[in-house]
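The chains carry the letters A, B, C, D and E, assigned in the order they are written, with residues numbered from 1 in each.
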Amino acid sequence: MPETVRDYIGAITDVVQTFWQGLSVTLSYMLRRPITIQYPDRTEKRVADMLPARYRGFLEVDLAVCTGCLACARACPIDVIKIAVDKDPGNPKQRVITQFDIDESKCMFCGLCVEPCPTGAIAHTREFESTVRAVENLVFRWVPDAAKPVPFYRPVKGQDAPRAPAGSLVRAYLASQVWAAPVPDWAAPAAGRDKG
Amino acid sequence: MKITTALDSTSLTTRYPKTALATTLFFMLALPFLLYVVLLLMLPFNRPEALDAVAQRLGWDLGHSPYRDTWYGVILVVEATTVSLYTAVFAGVTTWVERRIAGRMQSRIGPNRPGVFGFMSWVADAVKMLFKEDLIPAEADHLLFRAAPYFSMVGLTLPFVVLPFGESVVVADLNVGVFYLTATSAFIVVGILVSGWASNSKWALFGAVRGAAQVVSYEIPAGIAIMVPVLMAGTLSMQGIIRAQGGWPWQWFACQNPAAFVAFFITVTASLAEGNRTPFDLPEAESELVAGYHAEYSGFRIALFLMVEWANMWIMGALAVTLFLGGWQIPGVSVEMINQTRGTDVFPTWLWFGWQFVSLVVFAVKTWLLVILFIWLRWTLPRVRVDQMMALCWKYLVPGAFACFIFTLFWVMVPAPVHLVSGVVLSLGAALLLVKFALRTYKNIAQVKGARVDLTNW
Amino acid sequence: MYTNLAIFYLFALAAVVGAAGVPMSKNIFWSAMGLLSALVGVGGLYVLLSADFLAVTQLLVYIGGVLVLIIFAVMLTSQIKEIEVSNQNVGLVSGAILFVLTGTLLSYVALWAPWKVVLRPESHETSAAIGNGLLGTWLLPFEVTSVVLLATLIGAIVVARKEIKDD
Amino acid sequence: MAEPVERRILRRTSPSDEEIVINFGPQHPSTHGVIDFVTQTNGEVIRRSIPDIGYLHRGLEKIGETVSYPGYMPFTDRIDYLAAMLANEGYAMAVERLLKVEVPPRAKYLRAIAGELCRISNHWVAVGTMASDIGASTPLTHALREREAINDLLEELCGARLTFNYARIGGVSFDAPEGWREKILRYLDHLDSYIQEWDRLISLNQIYVKRLAKVAVISREKAIAYGLCGPNLRGSGISWDTRRDLAYGAYPEFKFDVPVGQGKMGATGDCWDRYAVRVLEMLESSKIVRQALDKLPEGEIMAKVARRVRPEPGEAMARVESARGAMCYYVVSDGSEKAYRVRVRTGSFMAMGIIEEMSQGLMIADLIALIASLDVVAPEIDR
Amino acid sequence: MMGHLSLSHFLVVGGLLFCFGLMTVLTRRNAVAMLMGIELILNGANVNLVAFNHYVAGGLSGQIFALFVIVLAAAEAAVGLAIILAIYQMIRSIDTAKIASMRR
């Protein structure tokens, strides 16, 4: 509320000045570069390849170096990882992994499972795109067939585990997926959902 | 990181298929051009006498035919349709322009996928809105709810009757033109009130009440400020006011008279408020009233409301251009020169049509610049509060407009050379301000570390 | 000439039907809509009577001012909660009788009185003449009107202020 | 079944005919999440507005009793998703106190750097959404752009942009990546020069100032009485900052000012002051990050903590200065692997209390400004 | 006679407007509606004024008179609505039957 003439005039000049400055700022952005990254098709390389190395995308398991210690499954606060181990019927001394499921639809990508892994078998990748029609297909089954279990890896002291390059496994896994794949047989039927 | 952009090496033709390019170019250039040309060609037949003369040449005796009025009516209907189509196309194109400008101002890109540079996005939007379900709240007053957008549409289209497009391109040059324009645009607020009441929603009611208070208040400063050019021209006719000005900036009313310079800003502010544009978008106020008076609308009806809102910008811009910025006057070409090229024939010469088209383009460019200013303001300023909106009107604009009015009463008695001096001084001053503004804009970029002029990424 | 007649009937219909809606409608908002129609119709009639300035004034003052104010008052005085803002139409019968009586009388006078009609050339350039008239012949009533308007302004403000004080 | 808030409002007052009760929310563009402000208005003027909260309640405190101590860390991200780094740090500190673990200095510094960057990013959202609520949409996208730059930095550090899960009990999960320091410094240089442009764009815009100045003035006494904290408290002119007054982590080693509201645009404690405090705090955070980067010690980033944490029975409390003020974690252990009780005190919840009193007599647009100026985040209120 | 526009056409319309206005004022108890009725009456009168001006008197006196009527009608509406709102604030009704006293 203007009370004096000076206030009255001051209010007008303030408005003019600040509008002047504000308009010049917005105009200057017409000359600057928009920061938009035109995902997914107008980028120089795949967005997944532009992400930093530590990016916590889909989890990937290299079963070749998995020791079956269950540390990841225990670290997970929301039980995303389901591992089943068994004795190899052919060789009772050799223990095998018969199931290694990661429910990526439930995963909150916190990274707690990666830290206790002794060999780096489980790791986050930079992949994040996987659209599927049935959400159950986001359960990545790293042991696809329980009849063909994977033997435990025995780490060698003073030697790094020979892990596959990060991301290569999950990319191969995703490439093998069909987005419109039907709900897998093992999944319990959800009520009122299109099984398409 | 480096991003491939539309402007990088690849040309438009490789980037877009030829059909997309052709369609976009048609919509972008041919459509408005087509509308303009139709309007232009209808001109000579704008009065029954001209119709008679043309019919005579064709060997008809229309003057005594009972269908003379019918023919004249058909011509008027075609003209009216053309103008209405023009409003629709303008509203659509403006949404695209607004979204692109807003995008750049916000460090975004804006719609750039449908059509070349995303131009077809307005067509896509229109189609989308037409196909959406048209919901009417169960408790709403059904008939009024349906009728409300049409009230606004009436308020939008009626002013176009007197809005000039070019030297002779006007549907009807009423001798009470300006007065008529302010009167008919009030229908828009009737639409707002009816929609707010009929929706039976508290948000909509709030929006409607705000809208009514706002429009009724701002009609007063707008009305008084409009009197300034009316006084200077000595006529209420829109064309008459433009004819009283000239093509060069120092011949514009805004520069000829310091009071008119102020009145120009008052008119623009008041018309922003009457058109419910930010900073006066209180009736819809997204962050307060969700969507205000059209909160309950969807589909085709909201498309009508939005069309009114955007097309109304043309009226606001054209009004200001007509009254203060020299209208369609071509610099260096006087009205007499244009009239001399007309010839004595009923059907004017092509040269005359050429001049008409130039004047039409001059008017359109000026109006577009103002429309872009409105868009620019919208994406810069916050929204005012209801009491501030009222205070601005009654404490600043009304006294200001009145002072301009009184000043002009004396100014018209001042000899003409003073007007010229004022015109030169004020237009030079305005040019200086523009230069200063450009420097300020450049400084904004220079002052921020990491920012630089870069026009890629479209 | 038929065109003029057709336009006349269009506007007259709008005016009369709208006016009929004002007393007949139970919903006050619909009454206001009827008034809107009547006012627009009358504005159109003014154009036919070559009073264009008056027609535009009619639109400006009535639609832009009075009608908006009335709708405003309807909104403020009736609740949004109830959609039927009906009022008891007391004495509709007597009203109708009165309507028939006055209507008959006025129509009789309008149709059969011997008016001294003089046909003049149509002119649509009234604004300048009205302006001159207001500052010449009718200067005194013009000034008196402005005083009345001032008084109205002050009066409306006083009434409105009282209401704020009450709160 | 609790009584609906609408009815409570109607019972408490005798609403006259022209007063209406209107729900601002739960879905409303400016409630910053799912909150319902049940508002009784007389025309544009608000008689009173009562926040109806709980729409976003996910039982996060209860979850603390069902997951292991380290496993609760990702859930702290979800308490305050706009300043997750700071929420992480608070929980980590509480459990460290329970375990009596000393954090290595490098980890403390990294926490401070990440936390202050996160505070800047949070304040960008706060001031941006505030401008957007006042009706200017351009500043919001500019603010989000600045926030994205910080998110890029934090993503490089810990791999996530929103739910960082960076702090660990006894340290942090990652060391600073290669070239991170230079990137941060480049951003901070940009930030320091950019703030002036931001002020020109919106802070000093007369409409913006007029909309915020002298609106919803919270006096010193009221701010204390309602337990406001953080920028909301400092906006009322009270110089209290947990980082300085109850210094923790690496903060005792930094020099920084605590901006307080000075009533530059009218009254101390108005919406503009709360806004200005946030803008100034970004510059202070920038100072802190620069100092921390200069002094960043070498060494371990994790203390020796067993993978399965079983603290002695007992309780511990930690208080950090989150972006929304003092955020307290209270953890009770019964000696098992899971906490017996986790309790979080958040700034947004405290800010909700004052709305009913401050809203009286405001206009509808002012209520929006008040809510925006308190910078509440719905999940932090409901937890 | 019916083929051409004549004075009587306008007079009848004016008369009807007047009658409907009168009917509104007399039958409705809503103060706002009564105000609308008054506007109708004034409009009816205005149509007559302008029609007579056009067909009988010539000149501008009729139009200017109508102009004054419009201006005064607007003023009357403003004051009338202000009073109605004030009354509504006081007694919570705009039913004219209930407005029996000038005092609260």
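Here is the rule we use: contacts are C-beta pairs under 8 Å (C-beta built on N, C-alpha and C of every residue); 3 or more make two chains touch, one makes a residue touch a chain.
Worth saying up front: this structure is predicted, and the values here are computed from it rather than measured.
S.K.: Quick one: which chain's Cα centre is the longest way from chain A's?
M.R.: Centre of mass proxy via C-alpha means gives E as farthest from chain A.
S.K.: Where the centre of all protein Cα atoms falls, which chain's Cα centre is nearest to that point?
M.R.: B
S.K.: Between what two chains do the most C-beta pairs come into contact?
M.R.: C-E
S.K.: What whole-number Å value describes the gap between the mean CA coordinates of chain B and chain C?
M.R.: It comes to 31 Å between the two C-alpha centres.
S.K.: How big is the gap, in whole Å, between where the Cα atoms of chain B centre and where those of chain D centre?
M.R.: The computed centroid separation for chain B versus chain D comes out at 45 Å.
S.K.: So, what's the distance in Å between the C-alpha centres of chain E and chain C?
M.R.: Spacing between the chain centres: roughly 6 Å.
S.K.: Centroid from C-alpha atoms only, then distance chain C to chain D, rounded to Å. What do you get?
M.R.: Averaging C-alpha atoms per chain gives centres 59 Å apart.
S.K.: What residues in chain B touch two or more of the other chains?
M.R.: Answer for chain B, listing residues that touch two or more other chains: 105-108, 202, 209, 379-381, 444, 451.
S.K.: Going through chain D residue by residue, note those that touch at least 2 other chains and give them in order.
M.R.: 17, 20, 138, 145, 197, 200-202, 205, 207
S.K.: Where does chain A touch two or more other chains at once, residue-wise?
M.R.: Correct list: 11, 19, 21-22, 24-26, 35.
S.K.: Please give the residue numbers of chain A that touch chain D in the complex, ascending.
M.R.: 11, 14-15, 18-19, 21-22, 24-26, 35, 51-56, 71, 75-78, 108-112, 115-116, 124
S.K.: Can you tell me which positions in chain C touch chain B when the two form their complex?
M.R.: Touch list, chain C to chain B: 2-3, 27, 29-30, 33, 36, 52-53, 56-57, 59-60, 63-65, 67-69, 71-72, 74-76, 80, 83, 124-125, 127.
S.K.: Write out the stretch or stretches of chain B touching chain D in their complex.
M.R.: Residue positions touching the partner: 102, 105-108, 202-203, 206, 209-210, 278-279, 281, 285-290, 379-388, 444, 447-451.
S.K.: Which residues, counting only chain D, touch chain B once they are in their complex?
M.R.: Answer in residue numbers: 20, 22, 28-30, 43-44, 131-138, 141-142, 145, 186, 189-190, 192-194, 196-197, 200-202, 205, 207-208, 210-211, 363-366, 368.
S.K.: Using the touch definition up top, name the residues of chain E that touch chain C in the complex.
M.R.: Chain E residues touching chain C: 3-24, 26-30, 32-33, 35-37, 39-40, 43, 46-47, 50-51, 53-56, 58, 60, 63-64, 66-68, 70-79, 81-86, 88-90, 94-95, 97.
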